[in-house]
Structures are given as structure tokens and as C-alpha cells.
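These are the structures in question, set out in turn.
Both complexes below contain subunit A, partnered by subunit B and then by subunit C.
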Partner chain A sequence: MIRKILTLIILSSIVYPQDGIAIAKLVDERKVPQDIVSKTTMLLTNSKGKTRTSTILSKSMNNGSKQILWFLNPADDKGVAFLKIEHDDKADEMRMWLPAFKKVRRIASSKKGDSFMGSDLSYEDMTNRALDENTYKRLDDDTIDSKACFVLEVVPNAEIKSTYSKHITWIEKETLMAIREESYDLGGNLRKKKIFLFESLSGYNVISNIFVEDIQKNHSTKLTMGDIKVDSGLDESLFQEKNLKRLPRN
Partner chain B sequence: MRNRYIFLLLTCKILFGQISITGSLKPTGMFRLSDQSRMDLPFRLTELKLGYTMGDFDFMLNSAVEHRWGENMSAIDLREAYVIWFPNWGEVKFGKQIHAWGVADGNNPTDNLNAYDYYFMFLPGTDRKVGSLSAAMTVYWDDWQLEGVIIPDHIPNRMPFHEPDFPFQIPIEPSKYEKIDNSLEFGLRLKTTFGESDIGLSYFNGRDRSFSLLGVDTFNIIMISPKFGYRATTVFGLNMVTFIDDITIRAEAGYFTTENNYQESWFQFFETKAEYVQYVIQCEYRTASSFTIGAQLIGNHVLNAVGQTFDLATMGQTTLNTDNFTPGLGTPFAMIAEQSLSIVGSKTLFDESLELNYNLLINLDEKGQMIGVSAEYSFVENWFIDGSVSYFEGDGNPQNRFEQLEDFSHFQLQLAYRF
Partner chain C sequence: MINTKFKKWAVRQSIHHPKRTLASALIITLIMGFGLQHFVIEDDMMKMIPKTVKTRVVWEEVKDEFGNTDPIFVAFGAEGQNLFQSTAMSDLWDFTKALEALPEVEKVRSLTNMNKMESEDGFLLIDDLVNKRDLSPEEIADIEAYLIKNAELKKQVIAQNDDFFNIVVIPSGNTNEQVSVAKIVATAEKLLSEYDLHFGGPSYLIGIVGNLVRADAISLIRIGLLMMVVILLASLRSFAGVLMILFVIILSLIGMMGSMGWIRGLTGSERFVFSIMNTSMPIILMTIANSDSVHFLTKFFKKLRITGDKAKAIEQSIDSLMLPIFLTSLTTAAAFLSLVFAPIEYMTGYGVSIAIGISWAWILSITLLPSLIMLKNWPLNSRAIRKPGLLEHIVNKLGSTIIKLPRSILIGGLLLVAIGIYGIKLVTTEVNMYSFFEKGNKIRDSLEFLDKKMLGSMNLVFLLNGDMKDPELLQQISRLQDYVEKNPSVSTTISIADVIKRMHRTVMDDDPDYEIVPDERAKVNNLYTMYSMSGDPEDFSTLVDYEYSKALVTAILKNVSTESSVLFVNDIEQFVDKNFTKYKDITATGQLVVLRDMVELVIKSSVISICVSIVVITFIAAIFFKHFGWGILAVIPLSAAVILNFGFMGILRIDLNHVTALLSSVIIGVGVDFAIHYISQYRRLARAEVPIKTRSHRVIDEVGYPIILDALSNMAFGALLFSEFVPLQHMGGLMVFAMFSTSFGTLTILASLLELTGRRKEVMNTLLGGTIK
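Right, the complex of A and B next:
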């Protein structure tokens, strides 16, 4: 009987951890695919309702710490490719292939606030948040669309020079997936609202839709991931400069 | 039966390949600022790039139709036609192609594998280059890259002779160029990453892309025959990309040695040996509001020049020195001024529908500058209207390069459809 009670206490402490960092660790340790391949449609909508659509082939591994993207559409972006490799011990590497110039251009990873290809996603939004680079505070739990959620306040540490002062993130308790996020600029004003949808695939929960609204610019970006494949056996060697130059066949 | 099988296999291979077609249609008009008269220079009316991927191979074709409004004449230009093989260890390219070396955005002193097309000198990237038949191989291992390029035939710059609307008038059009005994050219490039920096070394061994007067021969006492050709030149290059906080620095330098190595016994043979350095240092910064600003310091310094040359003023032979030596290889902008500063800026608005650019080129040696502004607006997907103004200002001295460019001040209008 005592053993059962102890087990119950331990389980409940896992399911309902008390502090923010414990929840963040659970999210971080969530089962994720080794690699993800998807064909993403990026829809940009400005304040006047004018839209622009891009199609991107994305391949990533190690929870997105290595990612390679090829632009398939529109015509003036076709062939442009982007490689990101996150490093623990040095600055991240970002390179772009510009077919018109026939050059791979190394770009600054320190400019985290730059927009990614005109979207409302910045390079910082596309980069994993390291646990030790942020402070996590648990706020009151909430319910979003009938889903019970943990709510975390994530404050980036000063040394990472984030373009945000904080994020408020809603994490679905059942799946430990972030489903909503609000990001605040350095002045403490709300900058972006993000909505994440996910689907279950081969035993993983994988993000299938991201909606980002830049409140200050009255501009939004919707990313819809199609043809999602997980654990397709991508090789580390894919994430090299030479592979930027060629649109993959699949 | 066997032939049918092979045919079937080939058909399947072709059908299961992947075809990529991109291109543009862009009628362009160029008009003088002084009197709004149309300038009669060729422009690329259409461009078509075809790519065909089959297994580890890509077949690339890049063609353009060059058009001139004045004579209403068009010409097809097969700019590139090459095949690329992508083995696991790198890439191998063969055919007529344009190589792009160097890390700066234009004005690269280490990018000497292809000739320049002076008609398209103000276009960006590879649009200003001429393709040449060549073979290239790149090997990648870890953070290292090694590329080797072999060019069997020397291709010179495409020069605009007898073009009254072109800013620089070339005084002489050689009727023939001296034959090059060994026209093989080659280049090697090594690149690696150290921490947050990319560093590269390069070597090129070939010939000048612009012609020089190599000597004078005589038919008889009163008839002389000038001898034109291309000096042998080697270039050692060094380049680097690094980051200082939010500023990106791209820098490259080339050390050139050149000589007239033709083995001829003309009446006058102009011995020429020279060393010069060209460099470009580029800094770029993006503001929080996505406004990109950049600056390039472009320089050309002749270190040493010995031999003889021909003086057009006295119409006689004279001693070559660092002042009268003209480089025949390297970035053309370094030849306009010994040292110049280029400042560029760009900003996109309305979801990248409108792109605004400005550029300012200042001659740091003598008074002279170019101011350019351009705007490109996409009014419907894939359709663009482009307008630009380029204004040149010299100091009143006819020898000043920017003074010579003053009448080239122009505005340009373009309607483009890209597919």
C-alpha cells in the first residue's frame, strides 16, 4: 500500500511538476523524431490582406538543431537554400545559397531578430531554446480549446542577447506540446502571438501548422507542413554546404 | 531485344528525371538624363535557365536573347551549358560555365576565372560574366573545401568597340591578337572554417582578360604593325568572412604578377613585368527595421612595374612605371580609381513587393562619384516594374574617369516577368 502511494506521489510529481524549469525539462525530454522532412507552404498576409505564398522543402534532424531548406516557389526565390547548424560550443552557422550569384553566403547568426525570408519568423524563432539560456517561471495553469495547459514565463538570459524580453508559453499537459505563445519585445510590449497545431505521426507529436502574428506590424505568417515524414533516416552529411546547391528530388 | 531494353531504360531514366525551368522576360529602356534620348546599348530581353536532374547528375543550360532597340536586332547567347556530377565527396562540373569565386558581393579581385562582359558591367553577380569551357572539381571534407578549375582556352573580356553610347571609348580596336602558345589556365581554391570565420586561399594561373600592346613590328619603313595580346598573369588570393557583433565583414585581396612572355622578335618588344594588389573590404549591417546597409572599400595599388610601353601622347616608346601601367586582370572597378568607396543600402517594403536600393560610389583619389537609386515593385505575382537612376559626377577634368562617365548618367525602366 505504501509503495502504491509512493508511486502515485512520484507519478503525480512528474505529471504536475511544481516549477517552471521542471516543466521545461519535461518538454525538452519529450520523445521527438530523429529527423523530419516536410513540404511547407508559407503564407504571408499584410495589413491590407495582400498575400504572398512560398513553398519550402525542409529537412531537419536532432530536434531542428540541423536544418536545411530549399525554396521551390515563387519564381524569384526558386533555388534559394538555407542551412542552419546549431553548435553548443560556438556560434551557430547559417549559410544561404543564392543561385543568381552562384555563391554560398555565410550570414550572421548573431542577428537573431532578422526576419526569415520576409516572414514574421525571426532566426531566433527558428532556433531551439537551450534550457540553460533561459529562466522558466510557472504561471497559473490555463485551458485553451478545452485542453489543460501549463503556462510558463520564459525569460531569456542577458548573455544570449535575445530580441525578446520574455515569452508566455501554453503547454498542453497531455502531450507536453506548446500550443500557444506570446513573445514580448525588449520594451515589454507584446510583439508576436503564435499558435501551434500538431498531429500524431508514428508515435510522435509533430507540429503541422504554425500561425505567427506580428501585433506591432499587423502582419501574419502561416506555415502549413505537408507530406510530413519522420525518422526517414537522414544522414548527417546532408547538412553540408554542398547540398544547398541542388534541389533534392524528394 | 537488347537495344529495346536499353531504349526503354533510357526513356524511363529521362522521364523520371526532374526538369526545372526558370527565366525572365524583361524589356528595358535606357535614357540619358541630359536630354532623355534613348541609349543604344544591348540588354538581355529574355533569359531561360533549364535544369535537368537525373540521379547524381544535373544538366544546366543558361541562355539569353540580347536585344538592341536601335537596330531592332536580337541575338541568342548560350551563356552556359554544363553538366554537374554530385558524388558523395563533392561535385564535378564540365562544360561552358561561369564560376563565382570570392566572398564580397561583387568587385572580387580573386574572381578571375571568367571574363567580364563590359556591356553588362553594372549587372550584379554572374550576369556580368562570360561563360568559358572548363572543368571543375570540388572536394568537401569536414569543414574544408578544395576546388580545382581547368580552362583549356583563354577567353578575353567582351569589350564594347565603336559604341558611342558606352561610357568609355576604347581608342584602338585590334584587328588581330597574337596567338597564345599555351592557353591553358587553371585555378585552385581552399576554404575552411575557423570558429566564427570562413577563410579561403586561392591561386590562378592564366592570362589577362583585357588586351595590352605587347610590341610593334614594321612592314616597311613607314608602315608599323602594333602587336596586341594578353599578358601571362598569376594571382594569389586570400579571403575571409567574419563577424564583429552584428557587423559582417567580407574581405579579399589578390596579389597579381604579370609579364609579357610572348617569345617574339618584333621590331620593338615591350618587356613588361609588374606586380599589383587589389582588395575589397566589405562591411554590412542590418538594422532592427530590416534596413541593410553596406560599404565596400575597393583598392588597386601597383607595387612595381618595369619594362617598356607605348605612350599615346608622344606616339613613342616610353619606360613603364607604376603610373602608366594598366592592369589587365582583376576587378574592373579597381581600374577606374586607385581607391574607391562604395556605399549601398536596401530596404524591402510591403512583404518584399517593393525593394528600394541606393548606391554611392566615391572616388577617393580625385573628385568623382556615382549616385544610383532604384526601385523594383511587384504589382502582380512574378511581374515587376523596375526603375533606376544613375548619376555620375566628375571634376571638369577630361582625364577624370567620372568626368568621362558624366554623359552616361541615365535612367532605366524595365518591365519584367519572371517564371
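Right, the complex of A and C next:
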């Protein structure tokens, strides 16, 4: 009986959390895979409807804080590789392999708002949000595509010098996955709209599609993750400069 | 038949329903005037070029693909004061941020928002060159050192001796340039009040000229009306008469401007915008409307003097002037409508709108003016009616001279024409807006400053089609830049090849030997990809298209004369034809090429409008006077006046441009009236078998005075001398001259010709269709 009551209390606290930070914590503590491998197709569309498509083999671990990418397509880019390692206490490491020059170059981008690989996702969008770097306010719940959602207003703290003034995020109650987000620029104008789709894989909810539209630039990015593998046992040693030079078979 | 019916209708409306006619005229004018809400003032030389001309096609393509490429240059600083210090840098920071925040601005390029690309120990850095507002002396020194190392970048953002910053502002393509310029100038004046400020660039000129056109047109209308009042008062000696004429003129003006607005609003046509060249429109219509009214009023005074009955005098005036005023209005409108065939797009709007204004002025002259006359009591003992003025006496004297010396006058006229033909060969074309402002004018001073201290303010743009990852094409772009930069007017060129070369050097450990286009396609591609990983791909958006299949090369240059621009652009095109084999799809556009193209268009427009209007007027006169000979006689004084006008321009070194190119239509359109009035009266008297000995004298007696009075009141064209724009001043002066040449040409050359023809009875008999016994 006591166990039943306790379970009920825990469940009700999940379904009816008190405030924004509590929901954010739940999302943050959501079960995530150790590593993810995928073949991602990136479709960029500009304001005139012209497109660029690339296919990238991506391997990441620690919720994306370590990531290595190899360009598979277009043919011009084949072999170009990119390594990113996020650090809490110092600037992120970014290295790039330029096969035509046979050189690895370290890249620095101190600008959080810079585009990642020419897409509408910035480095800031790609980086995990630390709970203590933002304030969270719960807004009225909403329903998106028949899915009940929490709605959070996420305001970055001044000291992190975000390129956004706030985000409005729709989190599916059932899975605690973000399915929609609107990001506002420092002037308070809507800058980006993001839509996330996910699939269940080996007990995890893993993002399978991201659509980002930069309202101000009238530019969009569609990322489709294929051949997703989770917990495939990637080794930390993969995320080294020497591995950029050789395109893996899978 | 129609003529008689219409005459009767006009007489009925004026004499029996003057108040109704007045009310109807006001209501119709009001409806026309509502079109003013759609009225657009703009002066964009590119839009004057037909949409089918390659320069325009490519320009549209460039705009569509790369956005607006016509910048506004803002320079601020203080002579001799080094700006590499914290206050100036933070002022530049604030100004750049303020410009970026303006919705009318698409892009800003200044020292404080440019990127730096550096390589240190294999570490590639693409970052903001200036990353905060308040900088320490050490940070400023680092920025200065980077710019010294990258001299090409430095000269784009700061003057050679570091005392003026250069900011390149690209206005939003969706905003009217007048609004953008006003906002940018206001922002600069607010934030940079302690510095010397200078502005320039194609978009600046479009915006500022638009604002000036508005002010200029209003000021010219005021001056024109004032001049007209003075001239009319002096010659008509009737205050009420002058007020009536002014009323007709003002309603005609509202009708014309409103119609232009309606057409623009309903069709959206770019041809119906009000530009520099249109600034002369109100003055021209004023003089034409005035001309019809003056003829009517003087005829009325004459008839009233004879009959002593107001209604009878009105009826007789309408009867006598209905056909000539209709004919003069028709031929004048036809001369202006000939501009529809001119290749310069704005000329269509000019011609059609003024033709509508002329038609409205004609209707008002034969309906509203007689009604107004009818509504007023005219004391028969007033000086205006009682006796002829001094001018009438002078004209009468002229009449007797012509009769005595027709051959000598004809030969004298022909000699003047011969001088005119010689002068035409000396005519030069200058369409650069720079020359439209007098020395000492604020805008011209700013443009001169930008030429002297900064990069200049003109642009030349090349659109290249091809594979922008192919090293051969990038090398070709580089060679093109080198060739263009050899011209001393060119300050700098910008292209994707520059960025590729700089990235190549950076990747190769900042070795200056590698500041070249890489030799392999794969390397070029790696550089593009590398940039997308670290920099904002938007940085390339003004240099290369999304699919790497089109690129822009932009040259910034100092102001050059139209003649030099023609030589320069043609030379570059020859260079491209000769040297580039694999990628030949290179087209030049931008301000410099527009100047080259405008020369041809201006000349074509002049020739076409002269030919079409002369042919049309010949036919109209031939139809109405029922013999082709009359048509030819009608255009003889006009042709002489046109030749004299262009000859005069050549001798006095007055440039031909899209503003002065309108002169021929104006001269023909306005000048034809004199010939029509003269021929009309001559035919009437010849038919009435007035003896040849007194015929010319009587014609001059009847129409000589109104012609001279008409020409004198047309001296209101002289109002254009007070314009802000040099070509309009020239136009004013030339029109005053043209009024003399056409009126005296009519009263001398045409009168002499008719005097000589009239003496040959059989010829005159043929011309009159055998009505003389």
C-alpha cells in the first residue's frame, strides 16, 4: 500500500511538476544513450528555394559533448572531417581535416551565434544547456499534434552572453522530449523555429529529424538521421585528431 | 461638322451655364487630383534603361541573387586627426550598431563589424576584428597592426592617413531609397555631430535626388507662377484676366500630376515615376496651358473692343480659336507622346502625363476660361480692352519689315541654321549625376571628398557564371580584377577569389606566397567547407551564390566622366573577349555601365523623338490644313529651332543628357503652336482673298501679338534657371532661347516663306485646294 502511494506521489510529481526548473531537471535527467552513430542528411534551403545537400557520418558520445563527423557527400566534400570536444572549463576544441591539403587545422569560433556547418543551427544551439545557466518559467500547457506538452520559457542568464533573449520550448509530457522550440533574438524578435521528431530505440527516445527555420534570414535546415545506432560501444579514443584522416567503413 | 457641333456646345456651356461648367471642371480636376496619393518620386538611372537591355537584365539578376548591391558610403572623421583611439572607435561601434538596427538597412560593413582571419601555430581563427565597444590602447594597436598587414581590407574601412572611417551601408531592397537615406543621414547626424560627415554612393544619390526633386519641383512651380504673373500682368494689364489664366494653369497641373499618379497606381509601371527629368514637367505644362489661355484672352479683348458685347465676344473668340487651339494642343500633345518611342523608360511617363495635362488644359481653355470670363463684368473703358499695348505696336512694325525684306530674312535665318548644324557636331553627352550638381553644392562636395580621401563612390559590377570551385575560373576572376585595378580611377575590387586567396594563405600557416588561388578544385572546396565550419556563410552572400555557380566582382571607383566610362567599359569588355576562353559568361553592370548605356539611349531618344514628332506634326497639320505642303511649312520653323538649339548646346559646351534630351520634344511641342496660329490665320485671309500686299501684314497684326505675348509669357521656362540641378538650369536657358527662336522663326522664316509663296498665286491656289479665283 505504502509503495502504491509513493509511486502515485512520484508519478504525480512527474505529470504535475510545480515549476519550470523542476520540468527542466526532469528533461535533463532523462535517460540518454552513451553514444549515438548515425548517417545524417542535411538539407539547406535558402530564401530563393535553392538547396544544398550533404550526408555526414556522425559519431558522438556523452550527449554530444564529443562528436566526430565525416562528410560522405557531396563528392567535393568527401573525406572532410570534423572533431568537436566540449569542455566546461575552457574553450571547446574543434579540429578539421582538409584532405586536399593533407592538413588538420584547429578552428576557433568564439562566436556562439556562428552557424554550424552552414546550417541554421548555431554552436550555441548544438551545445547542451546547463541548468544553472538559464532560468525556467512554466507557461500554460499546450497540445501539439495531439500530444500534451509542458511549455517552458527559458531565459539565458546574462553572464553566459547568449545570442538569444529567450526560448519557448514545448516538451512532450509523456516522453519529456522537446518537440518544438522558438528562439528569440536579443531584440526580442522571433529568430528561429525548431521542430524535433524522435523515435524509440533500445529504450531511448532519440532525435531522428530536426527542422530549423531562421525566420529573419528566411533560410531553413532539415536534418534527417538515418541508420541510427545507440550504445554501440564507442571508445573515447575515437575522438582524436588522427582518426579524422581515415573515413570509417561504418 | 464635329468642329461646328463642339463649338456650339462650348459656346452654350460658357455663355449659358458658366457656373455649372466651373463646378464640373472643379469636380473632374478633384477626381484626377486624387491620383496624387499614388504619386511616386524616384530617380534611379538604372530604371530608365529598358528592361530588355543586357545591363538592366543582369542588374535585375544580380539584385535577385545577391540582394541590393548599390551601397551608401558614409565617411566621418576630422582632417588630420588619427582615429585609432578609443573615443573614435566606440563612436564607430555605436554608429555601426545603430545602422544595423535600422529596418531600412540590410547590411553594414565597417571596421567594427568586420571579420579577421588569422593563423597561429596551425590554429585557424575566424573571429570579429573588433569584439567590444570600449577598447584599450593595446587592443586598438592590435587592430591597427592587423589592418596594416591586410592593406586591401584597411583601405576599405579607413582613409589612408587614418583620419576618416568609411562605412558601407547596403539599404534594404524593399525600402524606398529616400526613406533609407533620410534615416541613415539622421542617425549619422545624431551620433556623429562632432565629426565631419560625408555621404555618397549610388543608393545615396537615388535617395537624396528623390528628396531634392520634390523640393526643386515645388520651388520651380512657385517661381514659374510668379514669373508668369509678372509677365502676364505687364502684357495683359488685367488682374482678373491673369487670375483666370492662373486658375486654368493650376487645374491643368493638378490634372496632369494626378493622372500620373493614377496611372502609376493602377498599372504599377516604373515608367510613371517623377524623376529629375520630370521636374521640368510642371513648368512646361504651365507655359502650354498659359499659351492657350493667353490666345483666348487676347482674342476676347480684341473682339470685345470691336463688339462691345461680352457674350458675342466670347462666341466669336471660340469660333475663331476652337480649331487653332485644338490643333496646337493636338500637335503639342503628339510631340510629347512621341517620347513613348524613346528608349529611356521614364520618358514614356513624361510624354503621356504631359499629353494628358495638355488635353485637360485645352478643354479648360475652351470651356472653363470662357465661363470665368462670362461670370465677370468687363468695363469697356478699361485700358486692357480699350487700346492696344506697346507690344502690339512693336509687332505691327515687325509685320511691315517682313513684307519689305522677305528674302533677306530668309537668308539670315538659313545662315543661323548653318551655324547650328556646325554646333551640333560639338555636342557632348554627360549623364553622370555628379555633373548635375554645381561646384560648391553640398552633395558634389561630399562626392569629391569621397573621391579624394576614400575609395570613391561609383561602382562597376561583373556577374560571372560558371563553376566557382574551378581554380581556373577563380584565377580568371583574379586576372580580371588586376586588369580593372590598372585603371587609375579604380580604388579597389572585391570578389570571392580574394577570400579564397586569403583563406589559402591562412591555411598554409600565413605564408604570403600562398595568397593565390589554389591549383586544385578539391583545395578550393576544402576552403569553402572550412569557412562554413568557422565563419558565417552569409559572409559570402554578396560574392557568390548559394550553388557556387555565379559570382560578383565589384569595383569601387572615383567619379569619372561619361566619356571615360564609355572607353573604360568597352576596354574591359574587349579584354574579357580576348583573354577568357573557358568561361566567357561575364557581364558588366552597375553605375559605370549605366553611364555608357545611357549615352546611346539619350542620343537615340533625342533622334527618335525629333523624327517621330516632326513626322506626326507634319501629318496632323497636313490633315487639318488639307494639304501636305502646310504640314511641311508648319515644321520648318521648328526644325530650324531644334537645329539652332542643339547647335547652341555644342557651341556653349552644354552637355546632352536625359534631362536636356527632352528639349527637342518641348521645343517642337510648344513651338508648333506659333506656326499653327500663323498658318491658320494666313489660310483664313487667303481664302477671304485678302490681297497679297496686305495679307502678311494682316496676319501678323492678328496673330503676331498673341504669338509674341505667348512666347514672352513662356519665359516662365526661365524658372528652370533656379533649379538645383545643372541640366535643368541649362534646359531653362535653352527653352528661353527656343521661345525666341520658334516665335521669331515663325514671324520671320515662316512669314517670309508664306510671303514668297503667296506671291506665286498658282502655288498658293494648290495649297488652298483651288479656292482662290
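Note that the second predicted complex is superposed on the first by the 240 of 250 C-alpha atoms of A that agree within 3 Å, B and C clash if a C-alpha of one lies under 4 Å from a C-alpha of the other, contacts with A are read in each partner's own complex, and residues count from 1 in each chain.
One rule holds in what follows: contacts are C-beta pairs under 8 Å (C-beta built on N, C-alpha and C of every residue); 3 or more make two chains touch, one makes a residue touch a chain.
Just so you know, these numbers come straight off a predicted model, no measurement behind them.
Participant: Both complexes share subunit A, so when I overlay them there, do subunit B and subunit C fit or clash?
Facilitator: They clash: once the shared chain is superposed, the two partners overlap in space.
Participant: Touching A:A158, do we find subunit B (first), subunit C (second), both, or neither?
Facilitator: The answer is neither, since A:A158 touches no partner chain.
Participant: Return first, second, both or neither, reflecting whether A:F71 touches subunit B, subunit C, both chains, or no partner chain.
Facilitator: Touch status of A:F71: second partner only.
Participant: Using the superposition on chain A described above, determine whether A:S115 touches subunit B (first), subunit C (second), both, or neither.
Facilitator: both
Participant: Based on the superposed arrangement, let me know which partner A:R52 touches: subunit B (first), subunit C (second), both, or neither?
Facilitator: both
Participant: If we overlay the two complexes on their shared chain A, which of subunit B and subunit C does A:R246 touch? Say first, second, both or neither.
Facilitator: After superposing on A, A:R246 lies in contact with subunit B but is clear of subunit C.
Participant: If we overlay the two complexes on their shared chain A, which of subunit B and subunit C does A:F101 touch? Say first, second, both or neither.
Facilitator: both
Participant: According to the stated criteria, A:K90 is in contact with first (subunit B), second (subunit C), both, or neither; which is it?
Facilitator: A:K90 contacts subunit B only, not subunit C.
Participant: Contacts for A:S237 in the overlay, against subunit B (first) and subunit C (second): which applies, first, second, both or neither?
Facilitator: It touches subunit B, and subunit C stays clear.
Participant: Shared contact residues on subunit A, subunit B side and subunit C side combined as an intersection?
Facilitator: 46, 50, 52, 76, 98, 100-101, 103, 106-111, 114-115, 118
Participant: For subunit B, which residues count as touching subunit A in their complex?
Facilitator: 18, 20, 22, 53, 58, 84, 86, 88, 90-91, 98-100, 105, 124-127, 138, 140, 145, 193, 195-196, 198, 241, 243, 245-246, 248, 286, 288, 290, 348, 350-353, 381-382, 418-419
Participant: Inside the complex, what are the residues of subunit A that reach subunit B?
Facilitator: Residues of subunit A touching subunit B: 44, 46, 50, 52, 74-76, 78-79, 90-91, 93, 98, 100-103, 106-111, 113-115, 118, 163, 219, 237, 240-242, 245-247, 249.
Participant: Would you tell me which residues of subunit C are touching subunit A in their complex?
Facilitator: 64-65, 101, 122-128, 131, 469, 507-508, 518, 520-523, 525-527, 529-530, 532-538, 545-547
Participant: Within the complex, which stretch of subunit A touches subunit C?
Facilitator: 46, 48, 50, 52, 71, 76-77, 80, 82, 94, 96, 98-101, 103-111, 114-118, 187, 217
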